[in-house]
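Two complexes come next, and they have one chain in common, chain A, joined by chain B in the first and chain C in the second.
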Partner chain A sequence: MASGQQWVLVEMVQAFYEAPAYHLILEGILILWIIRLLFSKTYKLQDSSDLTEKEIEEIIEEWQPEPLVPRMSKEKPAPSYNIVSGPPCHKITVNGKQCINFASFNFLGLLDNDRVKNQALQSLRKYGVGTCGPRGFYGTFDVHLELEDRLAKFMRTEEAIIYSYGFATIASAIPAYSKRGDIVFVDEAACFSIQKGLQASRSHIKYFRHNDMEDLERILKQQELEDQKNPRKARVTRRFIVVEGLYMNTGAICPLPELVKLKYKYKVRIFLEESLSFGVLGQHGRGVTEHFGVNIDDIDLISANMENSLASVGGFCCGRSFVIDHQRLSGQGYCFSASLPPMLASAAIEALNIMEEDQDIFRLLRDKCKLIHKELQGISGLKVVGESISPAFHLQLEQSSGSRESDVRILNRIVEYCMDRKIALTQAHYLEKEEKFLPPPSIRVVVTVEQTEEELEMAANLIKEAAQNILQ
Partner chain B sequence: MGVEQGGSSPLGPGGAPSLKGPGKHLLKPYLGTWRIILPGTPGVLPSVCLTLPPHQEVSSDGAPGAYPSKNKRTHLPTVWELESGAGVGRSFRGERKGGPWTFEERPGVKVVSAGKHCVLCGIVNKSEVYKDVLSEFVPLYQDFENFYTRNLYMRIRDSWNRPICSVPGAKFDILERVSYDYNWTFKYTGRIVNDVINMGSYNYLGFAENSGVCADAAAEITLKYGVGVCSTRREIGNLDKHEELEKLAAKFLGVDAAMAFGMGFATNSMNIPALVGKGCLILSDELNHASLVLGARLSGATIRVFKHNNMQSLEKLLKDAIVHGQPRTHRPWKKILILVEGIYSMEGSIVHLPDIVSLKKKYKAYLYLDEAHSIGALGPTGRGVVEYFGLDPRDVDIMMGTFTKSFGAAGGYIGGTKELVDYLRTHSHSAVYATSMSPPVVEQIIASMKCIMGEDGTTLGQERVQQLAENTRYFRRKLQEMGFIIYGNDDSPVVPMMLYMPAKIGAFGREMLKRNIGVVVVGFPATPIIESRARFCVSAAHTKEMLDTALNVINEVGDLLQLKYSRHRLVPLLDRPFDETTYEENED
Partner chain C sequence: QVTMNVGVAHSEVNPNTRIMNSRGIWLTYALGVGMLHIVLLSIPFFSVPVVWTLTNVIHNLGMYVFLHAVKGTPFETPDQGKARLLTHWEQLDYGVQFTSSRKFFTISPIIIYFLASFYTKYDPTHCFINTASLLSVLIPKLPQLHGVRIFGINKY
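Presenting the complex of A and B:
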């Protein structure tokens, strides 16, 4: 056998020597041709143009780009911002009018707390204002580590990580884990920063109806069926459910216990955005997990900003170290951005101290929410959207006047009516073209612990009055 | 404080990585291969870490001092010097400004041994510390993604995230930390390393201060306003202070209007999508910052990348784009936006702005200039790269920059025409959805900007700008004289010094800190894996003594680690004019 093969080889070599030159050349060309076919591109990305220089110049000359920004029409000038002079706390001066603030997310009234201010000042006197660097390059201050430690302890998780911008927190956290090809199940009412995070992740996104667990289970089952068809792919496809604790756009609380059941049933991880519920829900203000008595370890990642209850700037994520630590190299907003100014971190630490010392504050806030919620029921033409214990809820028109634009105008008149009478309100603003599921226009009312019962009643009465005057 | 970073289940002593165990078998074939490929290279292993983190023992044969001996450098391929952007860059030669862009080619053997370092590090460490409790779930991140983290980053990560506990000024204090488990966890000893010279922070004009006019102003505003805002610009978080800052910034930049945002990163990633969208083309420099890349991605526009600072590459892309239109449909592009940075933070190079402006005018594209590092740091009065080249700010359509660096604060801005800013005020993601800037931070920017502009009635700001320019030239010149390979432009306060080998990252960072200098070292993924480097940021707050101390130490460590790769030694300055740039070969 072996000798036979050897003989064939010898014969082949001999045949090679004996073959005429033209034959070898032909074979050679054929082999080269095959190699070329194998390695050449099947198509050209840009077919080489047979245009002459002059023609190219003409095309370049002719091309007119659109203006960088669309020209503003004369009749519809850009809406201007409200100007707040002085601090944006309980008593606020908007466009020169002194009002009681029902618009800023200063739930616990920590914005003008003297202890917080003094702590920030001390920090300023020690560290200056800016950090002049990202966390990796000497932008990590001892106060950052302290704040991370305190947040982790407060939330009773293993680890926390802070970001220098609230919006960037969840928007960086999602793409740190969810990559191209992964699947994310998202509530339709998810806020804009979640939407941007999802977009940056380039994952496959599946929306379920707002707070509708049956709908979520339906698409989870659908996914399960698909997975059975292609188990190899399913083994490497990460799945996530992204929900908010207390929805910014609807004021509703997510049904967390059901979500946790679904998590273990379908092996999907849960990311929870708690910007509104952190420092609001639960006996100690730990958010929606405490509210439902759900074990915090069942949630894979909790993200919240420090710009609402804590009245500082920035955001944080917390969870198990295995999860959170990954962001220290993969969270874009963490790695590539300057770190949080230390004075803002110090302010957040002091705010946490106050939250830990005074647990009554959360009960007080809930009582006030319930009060104004009750007062606002039964206004003809306006409906209250949101949970009764939610400190931020929406007033929507019961019946649309026909177009979004006119609805916005009507609501704006209500806001102005109240603003003229010492209650500062604001509409919930959205980028209408950018939102995936644009919420209906609404006035967002924010309750804080600083508002007295009289003020809450006054606001409720005023809104009633405004609705009567404007809607009838 | 005793904060323990990282590990949920710290590595026990038994799990300590070493060359023994299964790793040893893997090592031999690799070594053999490398020997065959590189007959000329020394047979000893380059030690993975020349200097080990405190309390770490040298494991088996990774002995220190096994670096290739100095005479091996005679085997190096000829090192030559390149002008960045070849032909186009030449248009700047001989001009007063601009100076030579020097990019010295990396020595070939270094490249190979840099690669070898990676391979070796990979074999040595195979420990698992982080465990996922949800084992039946799809893994949260892939092991493969972790390869770099576990095997390279973990061994040298003590050079990053060093916590400081003072102002990040010309000198700072560092919290001492040690690791008993090869950097998997750190313990704080409670001791503080005082007065470390800070060559790492982006404190170009020295406005990172806890006393003085700016800090006083910020302190006053803290007491008056508090630190938060709790609302967005569009709703009820538009303070009078924000308006004041924007007017001042517009005046400073020489543009019609400006808008400020709470985070520099988000200024890019949340505003580019407001400006371009589907059917638009973005031409982006290959070395653009992550925030520009993210913004471009989020916008939905088509992105094409041109070679770093290479005008020919940019022009070709512009021409092709206009002639061919959009892919497949050949519809003309709606807009073309060029994204560039003023100073590139990892290269230290200054953008060829005059050429880009003329290209942009010729092809009717729009220009987005990110001046994160250049604003305040370049130009005779600190107005950035536009002033440096003597151009009109109106030639740049979108002037973007940050307040983090030169102004010692936080946040970013966009300046331009009134229409642009008005449009952004209603369409910027940041203005509608993100909390507005903290008032004391705003005040710090206002105070420092007024100081630079001389509106505080002093020339202190102007002096800082000049001091920075002098410090930059001095520091760069000295490093070149010592024989290091330095990237970037002579006037750029960002000074990257090439280390090449990943293992030298850790060694350099540690040796410098041991001698009380805090430096930034950068490796993969911020740079190509074989182009690891150290980066110094010169500040106006550095005195000549500090710079000299730092330079002496760099010289010493450079000899120790053999970092003086350059074959072009500048002849030390004696009585020759300062800006003379004659290169002479120095025979060693």
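Presenting the complex of A and C:
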């Protein structure tokens, strides 16, 4: 106790009687405040966008339910599917006819590879078919860890993470890092899974024209000016660029060296989606980073699906350890979906083995692409959209007939003409109401390493014939 | 839901909203303030009025920092960061005003203020310090100041 200070109740009460008036008035106000608090009802703060009761009632009154089954218009019949029996390998059986496959993304021909199939069968005997659980709940098998390890070593990154569904890979990776208030700069021709990932992330999305680095620099500069006006907000805003290595919708390759320069100039992180370029570009098939000779550590996240070149199912993301580790708890498709069936993981490992052993197939594939590109130039009525080394390119009508539906019908006739003559082609299908920037209708031609030069020439001649007969 | 969900799977999107309703937290808080007071009382060269003023000031400072200054959540929420720019007070009960825990945490600094002004014998200097401290912790709790950032301080 302090010296000289005695704590006596009587003195305290006396001090209360001698208290200054302002203090007692303040305490009185506070007591009234407490009483008001105790009797006030809970209420939710009205958002400025909330409607009044009357408006809500009005809207309920005038609502008419839509029919359960929407009326089908006579011009647009129900979609008829081409039915494939058997595996979609080099020779595909469509609607009972055997055709040469120019439609499946089987770039390295590993779909029907005996080694891959044997490895998958062995794995099936050992593990069974499914994993029956997500990765966190007894769904992690040694093949998953081995595949992640192999992919990380192959791509020369620190770590890789496996998803069990290729579409969900980039759609889970983007919202794991980009949240509300963050800004994502994305190419207009981004594929549907990227669009769904951006939608799930609730971030501000800024589109730039397809493969136009000047347009991207323009919006980056705009963002920089805004950041200078509000530096405190800029300090907590994360910025990302999402591009594809090889665009599925246009067959173009993204200019990665310029993107890396922009990254360091404007302090943006790059997410690279390499579904079509993994196992296709680069001397060893490592994708667009190897193709351009860019240091892989400059790219913050590489995402690819294993359903194209690797002829498996699922997808992976690879990058620095601290980046990939975050997805183990935040990647929705990783935590809340069953893991990849172990036989598919083993098949992917064996496919990686084949890719590492036979370095020549990548150059072979690119040569075949260049060949058919050259052959298909100069067809009147159809233009080839895509890089000459892109194995998945599009054939679009040079002049649209006015409406998308009639364009689709014309291209369908070309496809059917080719299918009748044993070349299986397909049109690129989109969810027309859901796409942000709907690409024009096109036939998507896929070159695989299993197609011989004769078959490529036959296909090119057939397409020329079809174009002449149908478009003239 | 007033149960304490510790170590169980729950579907609460932002646990910050419910933590002040969990069982035992009001008692823990009251005991914590009591412990603070006892520790301050044990320091030999503080007189009783000084100790009470110190309790009041330290409690209000702690309350201001944790409820009205620190924003967002210490954990990732599945709603893509809806509460990133909200203080804990603004997050309580998803913004519903005058819930029971909000009333409790508004009344408790007032009770401490009453006790402090009694034990400081209504001394003007102590009164000034205590009143300023109380106002700093009462005003941010007003529903009119929900989401308000004066002069843009602490906005991002």
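Everything below uses one rule, namely that the second predicted complex is superposed on the first by the 401 of 472 C-alpha atoms of A that agree within 3 Å, B and C clash if a C-alpha of one lies under 4 Å from a C-alpha of the other, contacts with A are read in each partner's own complex, and residues count from 1 in each chain.
Note that in this section a contact is a pair of C-beta atoms (placed from the backbone, for glycine too) under 8 Å apart; a residue touches a chain by one contact, two chains touch by 3 or more.
Since we're looking at a predicted model, the values are computed, not measured.
When both complexes are overlaid on chain A, the residue A:68 reaches chain B alone and has no touch with chain C.
Between chain B and chain C, the partner in contact with more residues of chain A is B.
In the superposition on chain A, A:15 contacts chain C only, with no contact to chain B.
When the two structures are aligned on the shared chain, A:235 is found in touch with chain B and with chain C. Using the contact criterion defined above for the overlaid structures, shared-chain residue A:181 touches chain C, although it does not reach chain B. Contacts of A:197 after superposition on the shared chain: neither chain B nor chain C is touched.
Using the contact criterion defined above for the overlaid structures, shared-chain residue A:331 touches neither chain B nor chain C, since it reaches no partner.
By the document's definition of touching, of the two partners only chain C reaches A:23; chain B does not.
Contacts of A:38 after superposition: chain C is touched, whereas chain B is not reached. The contact surfaces that chain B and chain C form on chain A in the two complexes overlap at residues 200, 235-236, 329-330.
The touching residues of chain B, counted against chain A in their complex, run 1, 3, 5-8, 130-134, 136-141, 149, 153, 160-169, 172, 175, 198, 200-203, 207-211, 214-215, 218-219, 222-240, 243, 262-266, 269-270, 273, 275, 289-291, 294, 297-298, 319-320, 322-324, 332-336, 362-366, 397-398, 402-405, 407-410, 419-420, 422-427, 429-430, 432-435, 437-441, 444, 518, 520. Residues 1-2, 5, 7, 11-12, 15-16, 18-20, 23, 26-27, 30, 33-34, 37-38, 40-45, 175, 179-181, 200-203, 232-233, 235-236, 329-330 of chain A are the ones that touch chain C when the two sit in their complex. Every residue of chain A that touches chain B in the complex is listed here, in rising order: 46, 49, 51, 56, 59-60, 63-66, 68-72, 78-79, 81-89, 92, 94, 101, 103-106, 110-113, 116-117, 120-121, 124-133, 135-142, 144-146, 148-149, 158, 164-168, 177, 191-193, 196, 199-200, 235-239, 267, 269, 297, 300, 305, 307-308, 310-313, 320-323, 325-326, 328-330, 332-333, 335-338, 340-341, 343-344, 347, 424, 426-431, 434, 444.
Residues of chain C touching chain A in their complex: 44-48, 76, 80-82, 84-85, 95-99, 103, 106-107, 110, 113-114, 117-119, 121-122, 124, 127, 131, 143, 146, 152, 155-156.
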